[in-house]
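The structure follows.
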């Protein structure tokens, strides 16, 4: 009885204590942990000139910074403007979409530097994490997993819940990534499995557990407006344009980065055409739906996350994009409504269509491409470099690699679903300040929202003493 | 009589069959053609490490990817966000502006890789097109020609017509480019002739043939809104900021790229000041017009397309920008209304002012700069490198080069006008689903447009069963 | 009496003569001065291939262009989209925010190339300024100082006043920079002192002198709207994402750029969390304020401007960001209203909170970090390279350097305040076309503003002859 009352008490979306506490405590924890564990690596440390001499590096341009910084900045734009603006499409949740995305990404990248550092970048000599450009790209990648999860929950959770989702999501990601990339020695430079599959199922499972049967009380706000749809296109286009950088950011220097960028570029172009086709085909008089254009056009990039650095061939990339545009748009038309009605999964942004299905497809494509790789196509050196068949993996064959790639997908799925279930139950605790069912998708709950432009008082009134909200801003 | 009825039947903008068919068939054709013809070049192929050894290349950083990828991404942003958002300025055609731009660019870049490949990148050894970073930059350039043409037609054509415009525009571009750059051995790294002059006259000629005498029936929608003007500024600024990358993206490694970026940067800055000056001078009380600021400020970049990589000197660049800002703004004030009234050319975005006139001027500036080049200014090697006076062109003098540059302009004009005339007649066939005169500039025709934010039903109604469009999105 | 009438005559915001005259005359002056003084440097000149041979440079990739161009483009985006869109937050001053920012930046960068060139890049051999990529980055930096000053004045000044502000601001900046960087040999690669402290106090002093006691007559417009707040987030995010490029753009090749980027990345992330915390803590029900999120999240980048290239350690960066988020948000809550009420400083964008306080803090942090530098942390070579202890500074110790760093801050403050006072008095002359007190923050004064989307005439009227403003645009 007591317990019943605890679980079902009325929602109180006041986060005045909880949000500041969470932000302060976690940021202070970051500072302490960074103080103990994190230092510069040999390429960002002032000892670089000595390191250069020792390793016979002839020029500063060989610093990894110059290989990867342009890609890093593109990835950074995808995380903050891409994901952020993609989530501004709701007519009255644009602040929350771009703002909370900003908050959790800023927290997540610090936490990811630590968690990924412990697993991948620990210097055995002194037990410290040495960071450089590749680490901050990986931290951005890690954050992407949590932002994808946010997409499924957009408008239905409080910022505190999102911080908790990130707090648990980052370590789950780091462990999953460690198992897939290091234990199984799987290749996944653009993260079809590691980022997209994991992130999407993590978010969908949480959404399933947080199911709100009365969510249609907020139906009036769960839709886009004319301008919010244009804002969302900013996010779409920056994601679409920079996805070649995403998939090539941490692949091998030289041909690896070059090929990954080209393959992704092609797959994305192909997705656009099939998305327009299916969207038009599905509506009366062939009218296009902005939701499809904003999302399904990106599916080709997701599905190239694993195979982009392989010799999948240009037409292979086009085929992947072709299929993904179809599958993803079809998902928005059929699967999302089905999932909501019959499976009790409310997926605000349709991450199942944009990340889950294309991610799984990308993993399968990657496994097949790896399994069919051969020295005649790659050359001996090329094969060794591309799949990193070195050291204790020197004897691994492409066919075996294909099997391990498939195993990697299972790990990503398992971590997403099991992790999401656990975190979902934690997020159901009625202490996180989530909105009531009739207040979802509404910025008024967590933001000071300005009155609309339309309500500018006429000029006659300017002499009266306004005590409104704008007074403070002057 | 039958024919009469065929040509004049009422417009039916239903594209439910035609758009999906066009998208599917053409995308499948791309896949087949890529399968037969397109492979990676030696810098994006897994054999790169062997190639490196053969050519004595000491470092991966020498891969062309690292010279050009940052510029490529900037160009990519110009194509999709730059052109796309520049065309969102109409108050109710923002979806069409940014969305159809997205569609035809995604198709066009694939088609351009093929067409340009056949003309410029065919490997004689195996008859295949080998692609790398420079090819995808060139594909983006090629697409720009068609997007410029779209600017003249914005709001008056269907997406199917735009696909047809692109289908023909890309090969026209590729042939024109082949004649100008290879047959005439003209230098045009930023495409004043090849891209801007061609694209603008191609679009204007089509617009002339598709002239709508009763277009003022849509006059209520043929204008901007406050927010749509701010959206358009996103496009303007990304074009403006990244134009130095556009003009330097495929110019020579080293000083060529360096100088092209600096010259373009200066010309653009100069254009801004004269645009503001003329815009203010022309209006009552000196009020500025957003149309001028959004467009004429870019004219300096167009006009530096040919000469940017030459030793035009910093002050030469400023002079070019100075003139272009004036000419272009003047065009918006005087020439566009004149062309519409007396020449029956309806030019929605004013591409005549932004691309045609500055493009022609840029070609002339380029010809003069080339003709006056000398070894005292360039140095012997510099002159040879800049104008590529090698092989069978080793004996060409700067003066001769100037003449060929001028000939290049004529080729671009001819292709634009003749090509536009032919394609214009094809687009007049009443089967492409274009809107009626009173439905132009209206997203409602081809898009599911959300109801406005202002019409959010009051909270009282949320329990009633809404069967509206938002229900599906939940 | 006559004088009294001169100073107090009614405002007339007609700039039809003054703005075009200023733009034309100053642009022509630029052309002449560039003609006399500005040439390409050895890396952007066609003699590069000879220069390469002389200096034994083996590859074009060693051209400074490839080290700095990606960072340059990021900085360029910050100047035009970052600052521009950050200033669109007012509900009816978005045109002025982004448009006048565009104008003065385009003028300022030309003027800065000259002024900075005379002080820093004069070739003693021929008395000319030789420009390359580093110069145009520095010109963008110089412009940033004036744009910060604009932030304090947003909505209250005419474009002519802004041009005057820039005309004087650039030389003040160049002299101040010369004294700080060259005379005092201070390190300030990201400009905490040189750019932010100077720019902010320059603007605040001008605002103090231009104090408008009756500004509350415009109170109805001095606030944001829902969409204008989302537009401003575009500016915020591009500033936030690209700040690592800002602070690393001109620091040393290799580890210097690498470390500066990482440190700035971390400080910015940390600022976000404390900004959200304080913003939420300060409002009823924990509601977040967009003004804080748009601005205070950036404070960490400002404060890392000096120390980013030093070995401040990753946790040191986090601590700086932590403090700045708190101080800056606190400034918006308490100090800005205090300054307006008691100190008669009206600071529209709150530059005191975003630039002045974090800038001063950044200078102090830089001085301390420099003073505590040691060979054990930097290595001998690292210390010499980082602080440039070469030539006549070879004997300077870190402790002395710390003292000079602190002296640099005083110079920046002095130039900002004294320069601002002088320019403020010039701007009070009643000839510059500034708006009256009840017309501030209103685009109607200087722009042709389209009627709102909401006022689209119903379709019934389309046959009547409209003679409205849109007619010209068709």
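Order of writing sets the chain letters: A, B and C. Residues in each chain are counted from 1.
Throughout what follows, a contact is a pair of C-beta atoms (placed from the backbone, for glycine too) under 8 Å apart; a residue touches a chain by one contact, two chains touch by 3 or more.
Since this is a predicted model, take the numbers as computed values, not measurements.
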item	value
Interface numbering overlap (same over half, different under half) for subunit A and subunit B	different
Angle, in degrees to the nearest 5, of the Cα rotation that carries subunit A onto subunit C	120
Inter-centroid spacing, subunit B versus subunit A (mean Cα positions, whole Å)	32
Multi-chain contact residues (two or more partners), subunit B	61, 66, 70, 92, 226-227, 234, 452-454
Residues of subunit B touching subunit A in the complex	13-20, 23-24, 26-28, 30-32, 34-35, 38-40, 43-50, 52, 59-61, 63-66, 69-70, 73, 76-77, 80-81, 84-85, 88, 92, 94-95, 98-99, 102-103, 106-107, 109-110, 113, 131-133, 136, 159, 226-227, 231, 234, 433, 446-454, 456-457, 459, 461-463, 466, 469-474
Subunit C-facing residues of subunit B, complex	61-62, 66-67, 70-71, 74, 91-92, 215-230, 233-234, 237-238, 240-242, 244-245, 253-255, 257-259, 261-262, 265-266, 268-270, 272-274, 276-278, 280-281, 283-291, 293, 297, 311, 313-315, 318-319, 322, 337, 340, 346, 377-379, 381-383, 385-386, 438, 452-454
